[in-house]
Structure formats: C-alpha cells, structure tokens
Amino acid sequence: MIDKRVGNLAEAVAGVRDGAVVLCGGFGEAGLPNALCEALIEEGARDLTVVANNAGTGRRGLAALMAARRVRKIICSFPRSSGSVVFEELYAKGEIELELVPQGIISERMRCAAAGLGGFYSPVSVGTRLAEGKEHREIDGRVYVLEKPLKGDVALIAADRGDRWGNLTYRKSARNFNPTMAMAADLAIAQVREIVELGDLDPEVIVTPGIFVDRLVALPRV
Amino acid sequence: MIDKRVGNLAEAVAGVRDGAVVLCGGFGEAGLPNALCEALIEEGARDLTVVANNAGTGRRGLAALMAARRVRKIICSFPRSSGSVVFEELYAKGEIELELVPQGIISERMRCAAAGLGGFYSPVSVGTRLAEGKEHREIDGRVYVLEKPLKGDVALIAADRGDRWGNLTYRKSARNFNPTMAMAADLAIAQVREIVELGDLDPEVIVTPGIFVDRLVALPRV
Amino acid sequence: MPLTRRQIAWRAAQDLKDGAYVNLGIGLPTLVSDYIPEGREIVFQSENGVLGVGPAPGANAADPDLINAGKQPITLVTGGSYVHHTDSFLMIRGGHLDCALLGAFEVSDKGDLANWTTDDPRFPPGVGGAMDLAVGAKEIRVLVEHTTKGGAPRLVRRCQYPLTAERVVKRIYTDLAVIDVTTQGFLLREIAEGIDVSGLQAKTEAPLRAAPDLKPLRAPVV
Amino acid sequence: MPLTRRQIAWRAAQDLKDGAYVNLGIGLPTLVSDYIPEGREIVFQSENGVLGVGPAPGANAADPDLINAGKQPITLVTGGSYVHHTDSFLMIRGGHLDCALLGAFEVSDKGDLANWTTDDPRFPPGVGGAMDLAVGAKEIRVLVEHTTKGGAPRLVRRCQYPLTAERVVKRIYTDLAVIDVTTQGFLLREIAEGIDVSGLQAKTEAPLRAAPDLKPLRAPVV
C-alpha cells in the first residue's frame, strides 16, 4: 500500500543531510512551507544551500532557518523584501552566500532537472552582468546563454489538499514554485492544509501527481 | 471585449497559408481535431508540414487532409497504426516526407518554442540512428544531443469545454498533446465540445489559459 | 505642466488595445490598471502565476493566497486562471504577452533598459522577474519620470546602471513626453505643455528627434 | 518447460515492489498488470498522460477519451490522475518512474536495446515513446522470447537491429530464463526446467555466466 503520510513534522524532514540543496517553495507570503523549514532546525542539518524566490521575511520559516545559521548559500531572484531582516544582516556580515538568478530561470532550471535534460539556451540576461561567465551562443539570429539544470536533494513545499498517494492541489497564487520544486528534488516533502481520502481529489484537477511527492504532513492553516 | 468564439469551422481555419507548419493535437483516437483538419481541406492551404503524434487513421481528419494531397511533410513519432492507410500509401509512393522524432521530444521541442528558449540538451536517442547529424555534448558525465524548438504557424487542437476568452479544459487522456500545441503556435484554433459562460470554468482547473488560444468553435461530440 | 505619476499611468493605459495581455511592473506601472478606457477588456498577468489580475480587495476581503508580483493582495477577474511559476514564465519568456509596462532607472536611445539594481552597497541586489519580462514580452514600454529628483536625465545615450536587457524598449512614457525608441534613436511623439523641444532636450541626455506630427501630451486630472 | 507469454509476464510482475511507479510497453509487457501479487499497490503510467492505469473497462463501458499508449480502452484507478504529454514525458525522461518493462527484438550483453524498428521496407518506421522510456526510467527490464520463431537468439553480443538506447537494460525475462545484465555481461539468475545451462547457451549468442545461486524459473499456470 502506498501511504506517504507521516505523523508529524519531525518525521517529515527526517534524514536531510548536511550540505543538502533544499528547494523551498512559496512566493511572498503565499505557499510558504514555514513549518517544514522550522522543523529542519530541530532536525539539525547544516551548510544547506537553499533555492527559493525570496530570502525569507520576518522571523519565521526560512528566516528562522537562516537565523539558526543553517544556510550557507541562497539561490534566489529577490532576496530583499520588507522584513528580510535576517538575510540582510547575515549578508552584510558576509555570513551567507548569494547567487542571484532571474525568477523565470530559477523555475526553468528546476524544471530542466525534473525533466532529465542537460541544459537549455535562454535569452534571459544576455548582455547583462548576470550572463557573465556563461556560455553564449547564437541560434537562428538570436543570442542565448546556456543554463544548467538545478536539482534539489530535498524540496519543502506547501500545498492545499493532499491524499495518501501524495497527490496535491493548491490554492490560487499559493501554487507558485511548489509544483516545479516537487518535481525537481530527490525527496519532496509537502505540508498540506488537509489530507483527504484517496479518490476525493478529482483526477482532472490534481496539479502535482503523487509520483513527485515522497512525504506529506497535515498542518491545519493557522 | 475579448471574444475568441467563431461561428463555424470555415471561420475557425480561415487564413492558414500554403507552406504553414500545422501542429495537430490528439493521440490515437483521443483528442483529435478532426473537424478542423477537414475544414482545412475546404480552406485550401497546400504544402503543409504537419506535426502530430500519429499520421492519421481511417479516412477522417488528418487522414482526409493527407488524402487531399495537402500535406508535404509529417513530423511524428509513430506514423503507422491500424488504419493508417492513407499515410502508408502516400509514403510508399514517395509522395509524403516523414521526419521521425521520439514522442517525448516532439512535445518537449514544442514546449521549448512556446517557452522562448533556443534549444535543449536531451539524453533521448543518443547512440541511435535518430541522433545522427545532431550536435552531441557531454555534460556532467552524460552525453546529450541538442534539440531545437519546434514552433507552429497554426495549432489545431481539440478540447472539452471552453469560454469566450479561450480558456480550455480537457477530458481524461484526450488532453495529450493539445495543451502544449496550443502554446507553441502563432495561431491556436480549438474545437470544443461545449462553450460555456465566462466564469463557469473553475480558475483552478483551467488547463489551457485563454492567452494561448486565438479562436474556438463549438462542435458537439458526435 | 508635467504629468503627475497617476497621469503618466493614465497616458500609458490609453495605448493598451482591447484584448491585450499585459504585465505591469512593480511601482508606477501598477497604477495603469486603474485607467483602462471604458469598454476595453485587458488581461493583466502577474509573474507569480495569475492571469487576470483584478483590483485590490476590500479592507477585510484579502486572501493571503492571492497576491501579485509586488506581494500585494489582489482579486481575480471573471475568466482569470492560475498557473505555476514555470508556466507563468513560459508565458512571459515565450512572447505570449502583448506588452509589459515596466519602471526604469535609465533607458538608452538604443532601447537598453536598466531597472533592476542601482548597486547600492547597503542592500543585496535583487532581480526578480525583471530580466525575464524585458526579453520576453512582445513589446516593452517604460513608465518613468523624465529626470531623477536631482535633475539628472534618465533617458540616456548609454546606461550607467547595470543593464536589465539590451535593445528592448519600444516606447517611453514620462511626466514630460511620450518617446518612441527607433533605429535612429529617440523619436519625440508627444510633449507636455509648458516645455518646448529644446527645453526637453536639456533634460534628455540622448538626442531627440521631434516627430513630424508631434502632439501635445495631455492627461485629465486623475 | 518454457514459460508461456503470460507466465513471463507473471514472473516479471513478482519483482515489482509495493509502491512502484511503472510503465508497461506495448505487447507482452502490458500483460504484467494482470499478475501483481496480492497486497501490492503498483501505479502504472501510460505515455499519453495517464498515471494510475486500471484494468480494461467492461464491454460497453469504454470511454473513447481514456486509452493507453497502445490505444486500447482502459480505466483509471482511484488515486490516478491525468497530465499532458509534455509533463508525462517529463516523468519518463526525468527518472521519476521506478521501472519500465519493455519488449525487445534484441538485447546485447552490454544492455543495448533494440525494440523500435526491424527496418522492414514495407512499412514506414515508428519510434513512439520507446527511446524516451529507454533512457528515462530508473530501471529498464525487458520481456522477450528467448529466440525468434526461427530459433535465432535475441540475446546477443551486438544488436543487428537499429538501437533504441545503449547500455540501459538491467534485467531480462524470457520463456527460458531470468538474466541480469552486469558489467561482466549476462548473469543467469533463473533457468527453466527441462533445459540446462549449456542448452540455454546454445540459444544465446553472448556468453552466459551462471549465478552461484542459480534458481529454477517457475511460474504457476496462469
């Protein structure tokens, strides 16, 4: 029997290793796997590389993980936002490394990994500082840079509803990076608002099929 | 006001030009835009390059378009099936050109075009006849071939329900190539079983957002 | 009389065609949606996966799962839909948006755009979706105050700030003018009342050519 | 006693682990789903976008929109879901399937697979999803009759037919044996009753090494 449900947050994040690449879903305050990020503090993994759109806000979730000095490097498109105090402090002190990637390229690079491809040619960032050091190539009259797959050891994602097979649905713009991250990591862990019976999710509306999800934990919305 | 509905099949396919690249949805007998293919015969465009998974079965739809000698070349993964009589006859006589592409690479190449990328490195077909002439490259210890975007001038697709903005849903495995083809052509034309009021399709379950669709015509299932 | 910020937004809104798919950058461009001429249906896209952004919700009606790229609460219009980030940037990068209206620090008379960083050493840089949008939408238009608060021109021969993209801007709306970027440089289309071409040239680093049908730039009180 | 085709399928089914995601090739492999041991939940994927393929429907219950990659009517199991072709091949190519069970014309002792064309000049070639599956699934196993009807070996030193993929096959189930492909070539794991290793070697082009714990290949009457 397939049953990807786990009983608590500690079980959900168990086994994440030092040095892991952790894909962390969400955009702004929507679809953030805050509880999973905080459970990682307890779990104890260090020297993490986190891939996320933002670098955490306030003191919760990813910000808490950074405050606990578990994140060596962050790969993101927009680290600064109102309340990204933890990141800014660490960055100013040189205690966290930043790799800046355009927002659509972060998600495309993760999809590239998920799809088993070796890389893709992108027109984004050509002629800018972010293209420096990248291989350039003209194809049919347009210049592209080569982008490489970005794969996670772990993905922490937030979804709305899930079932024991790991099928997931999302709500509105809380979908954001979560479905792509679920596909792009060896171990995908989801916090969901509600776990429903197998068969309760309409097969036509499942956004993340269970094949991409390894563990899920129910976490009523607060 | 956005209103992509057209009154009949002739209007739906109007303006397709000689030599056009036509993406043609469907897999087996599911999700085939047969009525649109047949309307193209009347419309008159010649020397078409058709991209499809199969090369038509029986005498309807794409097979009818080929029988009318409108298709110069077909790009597909599996031309032969029970009843692909029209294609086989033309092929035997050397009257149609065939480019064979692995099934997943057809769809990935169309997505590549839809996503504005210049190409991607694929592990599929390496070491086989279908990789001959393609650029090879080793990335992180694995060999890939470079695949180029495959863009359509026109996409003919079949969907289940649609609204005046062109939002579409599909039924079961009739989804297949249709959503990707809708994204990958300059002009995407959909035949739908039913046109519903704007707002009747749940925003969470729309598979093809209207931005990708240019015209739709209602065609009750027979 | 120079236009107010809201009047710049009003002027840009007048050029949006019925049925257009448009992305509005953070800041000044966001105001554009308030001034769509009666009777036109424009679909606003937000990078975080919302197609059909509606007005801000009432005071207590905000849904934390429904925000725009600026992380502000929004609503969804009838006919709108949600996609994940990777599909959202497929729309953006793949040329599916008719237009992106963006803010800028500087625009050159070749159409180069600098709008992502001022290299302020006090803050970590953030690029967000700026580079994806700048190369992806069919047409890039910029809304910007003609000069900095200190009076320095923002319309320049060569951008001093790091580039977002090269040769992409087609039209610029400022408080003093509407200017097209052509292969011969800046073409002045409309000029505010109370300033003449030589006065405007003094506030513009790159040379201005006045269009033969140069018009006054007027906007209602908004 | 050589195994029947259904017994080969039965034997292959015994190796599928509870919770595995599996793609079954057209023909012989399709029979495997009939013999899943009691109590195991296996999720079958079909290339055309079905995750959770169920048994064939009753005589009058077929839905033309629900077919498998062999274009036969199927059902969807509880917990199953639909995706479009591009996402389906992302699953396949990206290593998300635990196993693909494929048919073959030939398999070499390096694990090379030839299963897409015999170059029969009477028919146009068709590749379908064969090459995508062969490089994409985590493990490739082949179900094949040990020799052709004419008695020629199908387990060879070097494939004569055009390759589908190089060095991918890990295990082979035939009517006479279960054979693993190792870095030292074919390793005989199980042998049918009524034939000995030298008799089997006579039907096998490449050298066989017998495993130290060589077992009889037995299957119930199915």
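The first chain written gets the first letter, and so on, giving A, B, C and D; residue counts start at 1 in each chain.
Here is the rule we use: a contact is a pair of C-beta atoms (placed from the backbone, for glycine too) under 8 Å apart; a residue touches a chain by one contact, two chains touch by 3 or more.
Given the structure is predicted, the values throughout are model-derived calculations rather than measurements.
**Student:** Using residue numbers, check each pair in A-C, A-D or B-D against B-C and return the one sharing over half of the contact pairs.
**Tutor:** A-D
**Student:** A-C versus B-C: which has more C-beta pairs touching?
**Tutor:** A-C
**Student:** What's the chain with its C-alpha centre farthest out from subunit D?
**Tutor:** C
**Student:** What is the distance in Å between the mean C-alpha positions of subunit A and subunit D?
**Tutor:** Chain centres of subunit A and subunit D, defined by C-alpha means, are spaced 35 Å apart.
**Student:** If you average the Cα atoms of subunit B and of subunit D to get two centres, how far apart are those centres in Å?
**Tutor:** The computed centroid separation for subunit B versus subunit D comes out at 30 Å.
**Student:** For subunit C, jot down the residues that touch at least 2 other chains.
**Tutor:** Subunit C, residues with two or more chain partners: 76, 82-83, 89, 93, 135-136.
**Student:** Can you pull out the residues of subunit B that are in contact with at least two other chains?
**Tutor:** Subunit B, residues with two or more chain partners: 108, 111, 115-117, 122-123, 170-172, 203-204.
**Student:** Based on which chains touch which, is the overall arrangement a line, ring, star, complete graph, or other?
**Tutor:** Here the contact pattern is something else, fitting no line, ring, star or complete shape.
**Student:** Name the touching chain pairs, please: which are they?
**Tutor:** Chain pairs that touch: A-B, A-C, A-D, B-C, B-D.
**Student:** In the complex, go through subunit A and note every residue touching subunit D.
**Tutor:** 1-2, 111, 113-117, 163-165, 167, 183, 198-199, 201, 203-204, 206, 209-212
**Student:** Please output the residues of subunit D touching subunit B within their complex, sorted ascending.
**Tutor:** By the definition above, subunit D touches subunit B via 46-50, 63-68, 71, 76, 82-86, 88-89, 92-93, 112, 123-132, 135-136, 162-166.
**Student:** Please name which positions on subunit D make contact with subunit A in the complex.
**Tutor:** It comes out as residues 18-19, 21, 39, 41, 43, 45, 51-52, 76, 78-83, 89-91, 93-97, 135-136.
**Student:** Enumerate the contact residues on subunit A facing subunit C in the complex.
**Tutor:** Against subunit C, the touching part of subunit A is residues 27-31, 53, 55, 77-81, 87-88, 91, 98, 100-105, 107-108, 110-111, 122-130, 170-180, 207.
**Student:** State the interface residues of subunit B toward subunit A in the complex, per the touch definition above.
**Tutor:** That would be residues 108, 112, 115-123, 137, 139-140, 142, 144, 148, 169-172, 202-205 of subunit B.
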